[in-house]
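Once you scroll down, you'll see the structures, which are given as structure tokens.
You will see two complexes here that share subunit A, one where it goes with subunit B and one where it goes with subunit C.
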Partner chain A sequence: MSAHEKLDTLQAVELAEGIEIRLRMAGPMLRAGAYSLDLLIRSTALTVGGVIVSFAGIAIGERVAGGVMLLAWFLLDWLYPVVFEAGKRGATPGKRILGLRVVQATGSPITFGQAVVRNFLRFIDGMPFFTYGFGLTSCLATRRFQRLGDLAAGTVVIYDRVVSPQARVPPPPLTAVPLPVGLTADELRGLALFRERAGLWSEGRRAEIADQAAVLSGATGEVGVNRLMAMAHWIQEKRRER
Partner chain B sequence: MQLDRVTAEIRPRSDWEAVDLGFAMVRRSFWRCIAVWWLALGVPMALAGCLLWQYPLVFLVVFWWCKPVGSRMVLFEISRRLFGEEPGWRAIWREIPRAWVRRFFYRLLWARFSPWLPVTMAVEDLEGLRGKLYQQRCGQVVRRGEGVVMWLYLISDIAAAWLGLGILGLLMMLIPEGQASAWQLAVESWDPEVPWDLPEIITRTVVGCVIVGMSLTDAFVTGGGFGVYINNRTWIEGWDVELAFRRMAQRLGKGAVLVISLFMVCQFARAEEVRMPHEVIQEVKADEAFKVHTVTDKVPKNSSGSGLPVEWVGTLMQLFAICAVVLLVGGIGWVIWKNRHLFLMGSRGGKEPLPAPKARVVLGMEVAADSLPVDVPSAAWALWRQGRHQEALGLLYRGAISRVIESGGVEIQESDTEGDCLRRVEKVGAAVHPGYFRGITGAWSQLAYAGVSPRDEQVEALCREWPFGEGRGG
Partner chain C sequence: MTSGDFEHRNMARWAEYESLVSLMEKGKAGPEAERLPHLFREMSLDLSLAESRMYGSHITERLNELVIRGYELIYQRRRSGWEAVVRFVATELPQAVRKDWRLFWLCNAVFWLPFVAMMLSAHHDIRWIQAVLGAEGMASMEQMYGGKEEQLSHLRSEYGSNFMMFCFYIYNNVAIDFRIFAGGMAAGIGTLFFLLFNGLHIGAAAGYVNHACDPESFWSFVAGHSSFELLGMVLSGMAGMRLGLAILRPGRLPRVRALVAASKDALPLIYGAALLTSLAAVVEGFWSARGIPSEWKYTVGIIGWVLHIVYFSLAGRARHAA
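Right after this comes the complex of A and B.
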């Protein structure tokens, strides 16, 4: 099975300069959470506004106040997500709280038009009867977790906040061993990860993993682990020198 | 498990990304997941459905209860698919009975409500751990992404109901106008004032839709839990690093081994020439900074610290428990006392049924003993002499009925007519003087319905012959 067909939550996007970036697609669970948060924020705003307007209604007349309320409801319902998503951060407050962001499928910020298309199609996604059944189905059926509005506008929702892995870095090895052969970027990254994350693994597991790279270290078991660590250390030092 | 045949990109992910990977796994083999879910639950649930045809809600609860069996099959499918196997239908068929019986009491009774079910199931089914090892492993596995799994579990049932309503809505949208006569009728017969009293067809349809929703949600929730499990193992076992090393080994090939090991030998020999590491260590450890100092600090035991007074809490809990027990016992006692007649009746062997309540109103007339004068005939005769014939005869008749009920034990009901009363009295026999009763019934009926007033002598005779005791006057 080739690497191409492998399932992933990241989607690689190649930019014009030949650089590849990877977007971390967000699935339906967290997005539903963001939607609920937005709903909460919107209804709180409407309630507070309603109280204020009803007090103002004494002065401006009840029917005018009712009209203002309806108008506010309409605008808040349709424009709230559009304005926020077309803005600088590309996310409604609910999305921002949960660390999500809307971008184009190419990774660049979305345009106003896309925000409009994406959010006005919410009505279709909300069918049947505002249960969001269509949106959910579409979201789970597409590779990039896109609902119908996303598909139409060519947008995706991604995780914006990178969670730093809280790896326990082991003490640096005493020696630094130069690499015996040239390694590819992927392999160098593997070595660096080995050193960073070794603190999370049991000693037996550490040796098991190191045994896979016995070709490089020329030893197995504890000795192999130490040599790989030393090599990773060497790579890091070389980088620092540069 | 062969890591190099894995069919998804293995990398350490955040918790939610792990769930998304699980969703993607289910999406990849969606139809197979749904098929195995229904294969596992279909037949037993169809049987249960036949038995519980009259109780759709009970059926829904039973279905929900057995849901983990379906989840197990989904897990079976996606876990094998992840590692490059595609289980054939025969393997699936053989797995189904196992999914039903494997740790039945634990999974379907004891741990049915465990919020970590989507993750711990993988430990149970895929690693096959039991007992203490299982507990230990679960503790380890839920450490990362615990909150996410609990969300998944909490949301799953709500989402199932929600999705069920969505499906119902879709069905209603798709039914052509005028075609749904049975449904239409049912909807019309539904009374909004008693919203819980749904017509059966509606309940069954809703239950069916919710079950379909449940199958869809459960597949994805199981996938999400499995994603979290895989992510966890990736973190604590460094799967991605292992894979990277394997790829490297493959690229470098066996030929490189010799070269590299030679290189290594030279390298380390040189390093050891320079300095032996443990000598350096000894030197470093000799430094003053590495000396271990010990300070003993005694804390008085009975001082109340700043933390929670644990003993108080314990005492309080005990007090609560005692209160709860006292309340429970008191409540049970009260209920027994309130219903003591049941027990008393039971002690009499239930042979003597409670006497039916006596009629208080017959033919629209008050017949209870306390509504009548003590001396009925004299009172009636006095009224008759005043010319209030209707009232006089009414009182007499009323009195007669009252007396046959009270002393004769005739069971007259409130709905009885004069004829019925007479028949009942005659049935009981001589003890209640049916002859006299017939006479007074006749006189009363004639006056009341025909408007024919009886002669004075006749009434006087009736008063004089009053056979029911208590004042034979006239």
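Right after this comes the complex of A and C.
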């Protein structure tokens, strides 16, 4: 694994199909947010349910109503995350709202057993005193942000859909300029990446980077940038049906 | 071929794949779902081509997402039905317990030794028990088992009490099992602590009742559900110790992989613990407090223990050998 992959939240996973997919791991902050949302949903459900049950208690008996509430509390406490994460979407409602999903470390959906293990061990992750200190420490110490429950179950929390977070400024209109010389695959890749990321940089920075490739473009500054962009366009554009 | 050519040439196929995947994600696909594996393999090829030819993140990110969605559809697991539940109860659970017989006896020892020691200490020095139970604990024991006229059946006379107590036992006792299991993640210390603590506390309660209350009302109450509940607790202890041992003694595997393997082994035990403790809650909630002669209750309690011993030592053996 090369150094730049180590620093990235994108983790490559090789499938049986002989390809690599990239999973984007979700960090502790976002997961804490999802947990808070779930807490809100659960306590709302318990409050609303409590009001309904206590009205029903007039008919079914106060003690029966109390029992139903205890049972509901137990189910919401222990089985709510298990049922949702073992379900089709692999996420509790809170995680779904924030676009997260629980998968196996191999990228495939988790089993019921894995959902049980990772959520029952929440009790330990939440220690000491429900601060999630253990879970956070484990998240920060592991490459894939796994809390202890995740480690034992072999699961990771990922972004459900990998979206590139950059708001890309579309590159300026271009004319295609053929490459003057043949380039290696790595050089081509560098050129393509330069074009993709150009929108993220200031003009001065763009020129500064383009100057490194002045041998290729034969110019420096703004002209060099534009020529590099044009070459990048040339290697990527659709050419067959012209 | 440039990336533009590549995209243009395959656009239609990608669109077909994407619409099929979207349909299947909603569970609405018909016979055309059979094309998914074929399309998925083509998508996989496209993704690896796009990556190796460096067509840029615009294409690879899109293909990556499409491939992940298909992968999740193809590798999703079928929900196992009642058959699996029956197989679990009939063979897998007793087999799992027998496989970890050392842990079974360890967890029993960690619970029963302090239990017996605490109970017998009443004959020598009641202060140990008083220290463990505290004033409140002793008061509640006296309230429940103080004498004939204050028996539990009176506390349960209000309508719905049985159901409420059943729910309380689920809420409290099953959660205790789960915490015993989770405690294993702290290198087994949490598990051992909970088992020891329960042994001391329950032993103290039993000793105190023998010393100061009406023992018959206590023992006849707990007899019926004792086997379910205590064995359920031992099973959850075994599950926790599986995790703990994987951390302490991973053997030839790296610790994390040992932990994953151990949690798989622990699953039948934790399911079994939940099952037994839920059954205990049923018995304890609806039957144990009924006004039945004590002899009957003791008989049922003994039958329960015998059945459990037979079940855990014999069930699932024949099929195991075959």
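Couple of notes before you dig in:
Operating definition for what follows: the second predicted complex is superposed on the first by the 198 of 242 C-alpha atoms of A that agree within 3 Å, B and C clash if a C-alpha of one lies under 4 Å from a C-alpha of the other, contacts with A are read in each partner's own complex, and residues count from 1 in each chain.
The working rule: a residue touches a chain if its C-beta (ideal position, glycine included) is under 8 Å from a C-beta of that chain, and two chains touch if they have at least 3 such contacts.
Predicted, not measured: the structure shown is a model, and the values here were computed from it.
When the shared chain is aligned, subunit C comes close enough to touch A:A152, but subunit B does not.
By the touch criterion defined above, A:A26 lies against subunit B but remains apart from subunit C after alignment on the C-alpha atoms of chain A.
Once chain A of one complex is fitted onto chain A of the other, the partner contacts of A:R63 are limited to subunit C, with no touch recorded for subunit B. By the touch criterion defined above, A:S108 lies against subunit C but remains apart from subunit B after alignment on the C-alpha atoms of chain A.
Legend: residue contacts after superposition of the two complexes on their common chain; A:R189 is shown touching both subunit B and subunit C. Of the two partner chains, subunit C is the only one touched by A:I235; subunit B is not. By the touch criterion stated above, A:Q212 is placed in contact with subunit B alone, subunit C being left untouched. In the superposition on chain A, A:L15 makes contact with subunit C only, not with subunit B. The contact surfaces that subunit B and subunit C form on subunit A in the two complexes overlap at residues 189, 193. Residues of subunit B that touch subunit A in their complex: 5-9, 11-14, 16-17, 19-21, 23-25, 27-28, 30, 84, 151-152, 155, 162-163, 165-167, 169-170, 173, 220, 224, 235-238, 240-242, 244-249, 251-254, 256-257, 259-261, 263-265, 267, 271, 277, 280. Across the complex, subunit A meets subunit B through its residues 1, 5-10, 24-30, 128-129, 131-133, 136, 140-141, 143, 145, 159, 163, 165, 174-175, 177-178, 180-181, 183-184, 186-187, 189-190, 193-194, 197-198, 200-201, 205, 208-210, 212-219, 227. Residues of subunit A that touch subunit C in their complex: 15, 17-23, 60-68, 70-71, 73-74, 77-78, 88, 90, 103, 107-109, 111, 113, 116-117, 120-124, 148-149, 151-154, 161-162, 164, 185, 188-189, 192-193, 195-196, 235-241. Residue ranges on subunit C touching subunit A, taken from their complex, read 1-5, 7-9, 27, 40-41, 44-45, 47-48, 51, 54-58, 61, 64-65, 67-68, 71-72, 75-77, 158-161, 163-168, 170-171, 174-175, 178-179, 181-183, 185-186, 190, 243, 256, 259-260, 262-264, 266-267, 270.
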